[in-house]
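Input: a single structure, listed below in structure tokens.
Naming follows writing order (A, B, C and D), and every chain is counted from residue 1.
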Amino acid sequence: MRKIAVLTSGGDAPGMNAAIRAVVRRGIYKGIDVFGIHNGYEGLLEGHITPMTLGSVGDIIHRGGTILRTSRSERFKTEEGQKTAIKQLNNYGIDGLVVVGGDGSFNGARKLGEKGVPVVGIPGTIDNDIAGTDYSIGFNTAVSTAIDAIDKIRDTAFSHERTSVVEVMGRGAGDIALWAGLCSGAESIIIPEASYRIEDIFERITCGRNRGKMHSIIVVAEGVCRAEEISVALRERFKLDTRVIVLGYLQRGGTPTAYDRMIGSQMGAKAVDLLIDGHGGNMVGFNSGKIVYKSFEQAEKQVHEIDMSLYQLAQTLSI
Amino acid sequence: MRKIAVLTSGGDAPGMNAAIRAVVRRGIYKGIDVFGIHNGYEGLLEGHITPMTLGSVGDIIHRGGTILRTSRSERFKTEEGQKTAIKQLNNYGIDGLVVVGGDGSFNGARKLGEKGVPVVGIPGTIDNDIAGTDYSIGFNTAVSTAIDAIDKIRDTAFSHERTSVVEVMGRGAGDIALWAGLCSGAESIIIPEASYRIEDIFERITCGRNRGKMHSIIVVAEGVCRAEEISVALRERFKLDTRVIVLGYLQRGGTPTAYDRMIGSQMGAKAVDLLIDGHGGNMVGFNSGKIVYKSFEQAEKQVHEIDMSLYQLAQTLSI
Amino acid sequence: MRKIAVLTSGGDAPGMNAAIRAVVRRGIYKGIDVFGIHNGYEGLLEGHITPMTLGSVGDIIHRGGTILRTSRSERFKTEEGQKTAIKQLNNYGIDGLVVVGGDGSFNGARKLGEKGVPVVGIPGTIDNDIAGTDYSIGFNTAVSTAIDAIDKIRDTAFSHERTSVVEVMGRGAGDIALWAGLCSGAESIIIPEASYRIEDIFERITCGRNRGKMHSIIVVAEGVCRAEEISVALRERFKLDTRVIVLGYLQRGGTPTAYDRMIGSQMGAKAVDLLIDGHGGNMVGFNSGKIVYKSFEQAEKQVHEIDMSLYQLAQTLSI
Amino acid sequence: MRKIAVLTSGGDAPGMNAAIRAVVRRGIYKGIDVFGIHNGYEGLLEGHITPMTLGSVGDIIHRGGTILRTSRSERFKTEEGQKTAIKQLNNYGIDGLVVVGGDGSFNGARKLGEKGVPVVGIPGTIDNDIAGTDYSIGFNTAVSTAIDAIDKIRDTAFSHERTSVVEVMGRGAGDIALWAGLCSGAESIIIPEASYRIEDIFERITCGRNRGKMHSIIVVAEGVCRAEEISVALRERFKLDTRVIVLGYLQRGGTPTAYDRMIGSQMGAKAVDLLIDGHGGNMVGFNSGKIVYKSFEQAEKQVHEIDMSLYQLAQTLSI
């Protein structure tokens, strides 16, 4: 292993820069040349590849987004696209690749691996829905952004004695909603992994009102339904004064938290070590509080599971 | 003047607590009893009036929202409602009232004044659209929240080379959009006070792209149109990759900035001084960098005007 | 178990309120009366004990410090003090106690246990130096505060091409320094667990300068030496332009991060469950990414160990 | 006027980047070439001068510090230094200069002016102590940083029932201490512009204690004395449990607030307009809520005065 490259793919996530920095610096520390591929797989196809130095990743650990940018590439999904990608890597003499991204990106990584390129994946997505790891880079920052927002919303909900319905990201997984709801003391949390009844939500609100709590917060994962639907149901059926807020892309950006900088740094260094040790074909993961790795095949057979004990905990704490 | 009361009315705004604190403490300092009226004019009608102490406004200067809560009252707009209000004030021997709120709240204040109650108004609304003052409590914090959000959005816009359309509050006034846009370096700012052409917006974006800036931010005041409309227009007519974010009620909450704590404190103290000096029937204002006051009648004849020189400045700085 | 009480002891830590809230609500949910003891063991001795309701822990999850306040008590360390404490608990019919604090507080808890009171401990201290757990409530927030500060310091260090020496908390353990240093990309990290040579620090700075990085950050744990000493050494021996900043008590306060709210909530609920299940005499802990528990005796035999792999990681990433 | 340059001098301040951006973009908008001088006057002497483009000030408005860096130059204070400076400007054909800095920097600017170079000054320093203007870029952000810190310190002061003494910047002027103290509800504020007696401070604390407020905050400007001295006096003479925190260089850095971005942008653009209109030899200022300008001579005759009405206000609000 003399030359490796790193790219970020799929949706961007805070902490990706920490991972890029770690890949570059660990690589250089180990005597390896490191290249940066811009704009994900699409950039790889087009040969947007530049050498990285210690300085090119200086002062980025605290920046949101990804300095390498990212994109989604349809072309790369084709057989021909993958061949072009390999040709580009060969042009630069790159014999190892680190891909920071989600399930889709790892699928591409696996295909390159089947064609002989040692690739290591690093899980990065705010949704925390990647199979084979308990944690994905960006999740902690996204939750942090969501609870900052809910802390603000609570001020105005209190002042007006209103019910606020907050829609957070999470198409397939309720992790952001669950953490943000639990950590901000939301009265109800609606996630794809659990069914809900509007009557129960109303009952919880009524319960609070009976003991003098006139405002309440409901957090809903976008994968379940629009916040607007919940709001309308509560307004029409129960005559509540409701307001809706959709956090949206806000959750993708922002200075990464300490946690995401740390995990990003650890995973980035681990990915380089795996390539050096001949362990291409693996993704880095986080299980039982430790940085681990497993093959893409192994990971693919697993399913990301939300921690339902947290859901039950939230139920008992928001009575 | 021996007993005064304070209430917050209309939409809540960060810094209202600083004003309440100042009214209470300045009053007590001057040897006056101060009462808090809960839930705005509606609470006044229902006699939700409690004595305030030094301690009851302790540790609130840094909290968003209003500890006195607020509401909109239809009843108070009637002749009969106003009579009931005066009866309630008389019940408590209250001979002076401070109202923190916007134009509508001042209208009510003026009516009470015509019926013999000395009332002083303090401008509080995040929209900064109150006639007779250059500044209303809450505006600086709302702008701060908006630019924090846009700073985050820029991270992800950069990573994906996208155009983000950010909708901020401001039904009648573009102040938040103008400040937030200028202070976050937005490429385009759309406000009710100036016409816009979608072609010009596209041209500015193209200009930036030609010199390598692949992402851009457009800030639009809700009073003009929905961000979604701008987004659709850019996507359909110019094939741009756009994303929409509506900041909404987020802008109402949050820890007040130093500026709002300061102006809130100054205005609160000034309101008490005016009542003591027999200057009921006035609103406190901020003009030419100074705390001033003027009669409700005088203020009503004025119109809040946005500083269009800032709009022109924004145009020249976002080339 | 029909009545339990909760107190916070030792230094306060962000997230303690989340733990208190969880103890109270989980208790009530399980049909138990919950009491709050004010001012730690000292307050227990003086009978500062009040019943807690669902409402008394409302809107506290996001507040720093501890609503129950805390103190250090010399009296409680005596045999007689402990007997008085038990008498007070008996007066209220309290048959179970939750103590949130550090090693010293657990020592007291163990003594009460030996006298027949079921006590469960929850580790809370920003230093993260408690035996028997990988994580203590407050650590993540303290690190977050430290990296926010260092991010600011870096701005001005950059502008002036200076070396900043930042002193963070941690008398016996370098955890805060290690995390804060690694997560903020500090050039050097000085912790009690590893020896250092001033020459090596200077060499790292020189290394950076040679490739154009004119500013640098050194993070030192207070347990090693004062930042001022490092600063003087660098200034006198190597003629560097240095500045010192001591973060101090700043690190104790502030809105708890999502992580501390989550761990606090989980540990609080777990403590109640342990008391109900007859598992007094244990402390809640966090090991291998899971909430666990172990006896105070067992914990006492262990020593908190810093993760030295992170130190090595920091070395390779700050080349 | 065809070519102008901009430099930052003296202590850095948040918002300087907004000013640099405005100078560059307004200049280019007006058809002028703009150069950046690195490292202040020292860099000017050494010819560290580079052309600035629209892109070179992209994405900097929200960054703390100054991208042009800054320094203090002894050489420039000499006649010979000034001649060298002018030679360097002539080498590049630069016929106008914008200097962002404080009193000392303006003194240098005036000297260049006397030798025929049109120079315009922009006041930038967190201390807000520049003669001839009510406001200097960076002050609002420094206050914001200070109140954020004090909000955190209050959490832990509350938990431990302590008195915290917070030392803020301000050698000659108490503006930061006054604003930070007033806006964070400090019990006492000690500034160079007003004498104080330790007995009065103790009396205020006692007053609060008598009504149940067990913690308190004292803010002291570094220009008066070290916080440690106040702390020792209170501890020794009145047996208070005190803690000291010195905010120090923390206050220099950080993302500029909306206010500093706005004033920085306005002042930057104004400086360019002044140069174009032949108004060299002036400093931009902020008086009565408006951007103004006045000659360096005129400004020099004035003295920055703190607003003592705010000091009196603080006294009445912290009873």
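Everything that follows uses one rule, which is that a contact is a pair of C-beta atoms (placed from the backbone, for glycine too) under 8 Å apart; a residue touches a chain by one contact, two chains touch by 3 or more.
Computed from a predicted structure; not experimentally measured.
Here the spacing of subunit A and subunit D, counted between their Cα centres, is 39 Å. A straight line joining the Cα centres of subunit A and subunit B is 35 Å long. Subunit A and subunit C have Cα centroids separated by 28 Å. Each of residues 151, 154, 158 in subunit B touches at least two other chains. Viewed as a contact network, the protein chains form a single closed ring in which every chain touches exactly two others. Listed by chain label, the pairs that touch are A-B, A-C, B-D, C-D. Residues 8, 12, 14, 39, 63-66, 69-71, 145, 149, 151-156, 158-161, 164, 243-246, 248-250, 252-254 of subunit D touch subunit C in their complex. Taken in their complex, subunit D has these residues touching subunit B: 18, 21-22, 25-26, 28-29, 53-55, 58-59, 61-62, 134, 140, 143-144, 147, 151, 154, 158, 179-180, 182-185, 211-213, 255, 257-259, 261-262, 265-266, 269, 287-290, 310, 313, 316-319.
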